[in-house]
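There are structures below to look over.
The two complexes that follow have chain A in common; it is paired with chain B in the first and with chain C in the second.
Take a look at the complex of A and B:
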């Protein structure tokens, strides 16, 4: 236990604890937003939404075998993607702006802030692990000057995609809490689970 | 030539005596007892509107030689009704189990077949040896939004039926109740009870998947429970117990983030510490009432409660047993 009290271990535990609280709050807000979104968009809450391109799936195999670094990198990639997806949803909301949706727009904006904050928090943890922070363009396989604009979806398709985004974000928030708990455990070697 | 014959309750059953002609002279027996000829049509045995009591061994003998010509075991029963299916994860994140039963018996053998699909993927539910109506699955993926679909089919000789459950990974998480719940009085503290418990042994990794707990307690004499939710730790001190009253205490558990609460644990009883009586007084003997206490921590009967030395410092609590019940009711008003 003496090793667990080293300054970096204590800082890691502290960052993990704060991250767990952030993710917990984020999840509670996503769940509330999901209820409001389904109602205001006139969707069926039990509707199955096929995996949408660009939405990072929280589902993972052999989760317990992942190293700490793998967890952080996957979380960071996911929340960066959610940041872009929520920003897109917000823009679409503004285009369809009506009074009934103003509250939804504010809730989406608040969630976007939380997702951004969490992504930053993950970067802090990665720095602590002495890992380089991957650039946001990493994994982008499109032209060098940026990805092509996504195809224009119909209003209904936008709503369904929004449902998929929020559902998957809710799953990620739970997964992130679990990942950070694993990370907070004292580990024998750097970068190990 | 012996075999089993399954028939529905209420059916009309005709049994032929093997290859014997219709007009052959035969004798039928049921479980060794001759059957009256009024049930025969030629050599055929006719059983109308059969009921469960008519299950048994039916034998047909050639009239003169008493050679056994045919034997069958009649099993009267019903086709299966829609089975009751339940799936639950009490060992998250390892996997989940499904268990089932029939709402009413069929009185004949049934076979159960279960299929589990996750998205487009078929999963194998491994049957448990004990109990027989249960199988378990290991999670291959965690944190999936794709639902699981479980279909249970029950088949017997008279028909089949099925039921389907659809759920997502988080919804079925329900731990077993906490174990080893212990409640003890706290010495020199007449209003405290110390409660401790353990995580259910079936929960595989409480460090990574911590549980939170819900404690409920009430004095036996009242119906209203007090509740406390605890986000960590496996112990709690009750500080507002009524002095001298026996309490019933239970604990439930839930994963910190997902799923539903467990059933309540086994109930434990305890009574807060009370001071030993210094002496018996005449007044106390007069006011003594019988109290059926089952707790070993209960101080000797009632007399000392009237002793001023036993006052616990709270006006609401400094009363005799004879008024104890009344005050308990009044005290509720102050909560």
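Take a look at the complex of A and C:
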């Protein structure tokens, strides 16, 4: 493992602090977008949304016992999932609204970019940990019979799912900041399997 | 004792009648001799029966019946039955099919009018009863008229419910009355047919949800939404948009609200939310307008390659995305159809149609449709009379002396079939702005030239040019960019 002041430790601290800023910005944008989304979709801000299939939950047990690699791997899996979910939301947005309310579409597209950038950032950190980067979820073209497409949701279910995705992404952004702060601490245990 | 009594006759088809009678208790199990004759000229017809019911012809006027019961004691009774004593009750109708069309909440009912059983054409009345809910409450009763034509005709009838068919079970039954004016006996309605049912989602396990699901309706509609839920779930409230509505119970698993005179929804639709104790069900309704008839449809070509049609769309539909208003341009002569890329919010409504070889006249129909309705506008146009050239480009001075200047410019487009009229604007500080017209044969994506004479020596001039069709003027192109030139000294 890298000594406290070696170049890679310094690089890791730098990547962590940039990651923390990215996650903080992402969180602020998600919160803004959430307000606009609730209003634009005519939803009730206090609506309780059941756990949405395919949306990674930010809440985790025994958070403080996790290794650095576990944190990074879980973060990366989550933001890859959010990348796919946001892309689907954007597609549905265009399908349902076309040109109407392009503002929400642009905000969604911007958030998608941030999530993609943050996922890439996490991959950088994993490379630093000389960890292999897990492949994207199987199910890309070569996989003949990938997981069956999820059943088509009704429009109201799509709206609720969007709400669930944005709420959970906001929670993840908070968790990512805490994870990255934990990673940035110079401790021997960091990165142990 | 043992006398036949209470002889009653009923006909279902005006041709045969079913006569029944009673026999007092002691004679009930024996056999009877049944004879009848319609008048003195025809021989008596007799037969034995144990049933105390026989089917015999309906009398023109009267029929004499003799019944001899042969139980423990012989008893004979004669009856004279007049047509006026015979009741006419049509057979109970039989529903052939009852089919739901859920998207339009319409029931299609088919039944046979059984006309072949009657001896002649008759007027028939049918009463159709629609019932709903677990309690089978009557929603409506409709009377339908038809003519019986001695053939069995299948009658098809539609009814549109004011609530989605999914909300609760709908039942239908029918009965009929035949207006046999020539028959003098008492006439009555048939019995009701057995009820046919279209089960609601509230009878299906796991059928929960809000219905209709994601409908598109016209502004001003009165709407009924229902929330189908599991038996053990309680509905706390149902909202349309941000407003809560009083609920009506349809069944133990279905509650409904009624929204009157719905107003236009916003772009993402109006949410109809059913709040249950442990969850949400919902639907999104899009309330908009049918498309207006497009106004000021106009078509022109700038290059004889593409015809550009423009129009005024009228009132926005309020529908977006996949529900937006769509436009298509159909040309009758060639049969060619083009769908137009037009966005709901965009200011200009434009559609391009290819110029077809050897076709000058175009008979256009602009079709407009969205999920609520459709409209169309038509226009017939000879494109050689609708030429609006593009802006002339690359205006340059190609020759120059003290009193004349030669200009050259380029116009994109193939105008080989027409002559062009080009207008050159000549301005200078010493004289007023002058316009010089020149007519040139059109060519395909070509340059054109003109010579300007009688200019003043040593004078700075500004020139620009615009063109139009010479023979059938339609519209000038825009002015080209200007070019400046000073004539040579004398």
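Just so we're on the same page, the second predicted complex is superposed on the first by the 175 of 193 C-alpha atoms of A that agree within 3 Å, B and C clash if a C-alpha of one lies under 4 Å from a C-alpha of the other, contacts with A are read in each partner's own complex, and residues count from 1 in each chain.
Everything that follows uses one rule, which is that contacts are C-beta pairs under 8 Å (C-beta built on N, C-alpha and C of every residue); 3 or more make two chains touch, one makes a residue touch a chain.
Since we're looking at a predicted model, the values are computed, not measured.
**Q** In the superposed model built on chain A, check whether chain B and chain C fit or clash.
**A** Fit: chain B and chain C sit side by side once superposed on chain A.
**Q** Could you tell me the angle at the CA centre of chain A between the CA centres of chain B and chain C, given to the nearest 10 degrees?
**A** The vertex angle at chain A equals 110 degrees.
**Q** A:168 contacts which: chain B (first), chain C (second), both, neither?
**A** first
**Q** In the superposed arrangement, which partner chain does A:177 touch: chain B (first), chain C (second), both, or neither?
**A** first
**Q** Can A:24 be said to touch chain B (first), chain C (second), both, or neither?
**A** After superposing on A, A:24 lies in contact with chain B but is clear of chain C.
**Q** Which partner chains sit in contact with A:59 here, chain B, chain C, both or neither? Use first/second/both/neither.
**A** A:59: touches chain B, not chain C.
**Q** Tell me which partner A:185 touches in the superposition: chain B (first), chain C (second), both or neither.
**A** In the superposition, A:185 contacts chain B only.
**Q** Would you sort A:156 into first (chain B), second (chain C), both or neither based on which partner it touches?
**A** second
**Q** Tell me, in angstrom, the smallest C-alpha to C-alpha distance between chain B and chain C in the overlaid model?
**A** Between chain B and chain C, the shortest C-alpha distance works out to 11 Å.
**Q** Can you pull the chain A residues that chain B and chain C both touch?
**A** Chain A residues touching both partners: 48.
**Q** For chain A, which residues are in contact with chain B within the complex?
**A** Answer in residue numbers: 24, 27, 48, 57-61, 63-64, 167-168, 171-172, 174-175, 177-178, 181-182, 185.
**Q** In their complex, what parts of chain B are in touch with chain A?
**A** Checking each residue of chain B against chain A gives 93, 140-147, 170, 207-210, 257-258.
**Q** Which stretch or stretches of chain A touch chain C in the complex?
**A** 40-44, 47-50, 94-101, 154-157, 159-160
**Q** Using the touch definition up top, name the residues of chain C that touch chain A in the complex.
**A** Answer in residue numbers: 209-210, 213-214, 241-242, 266-273, 279-284, 320-322, 324, 343-346.
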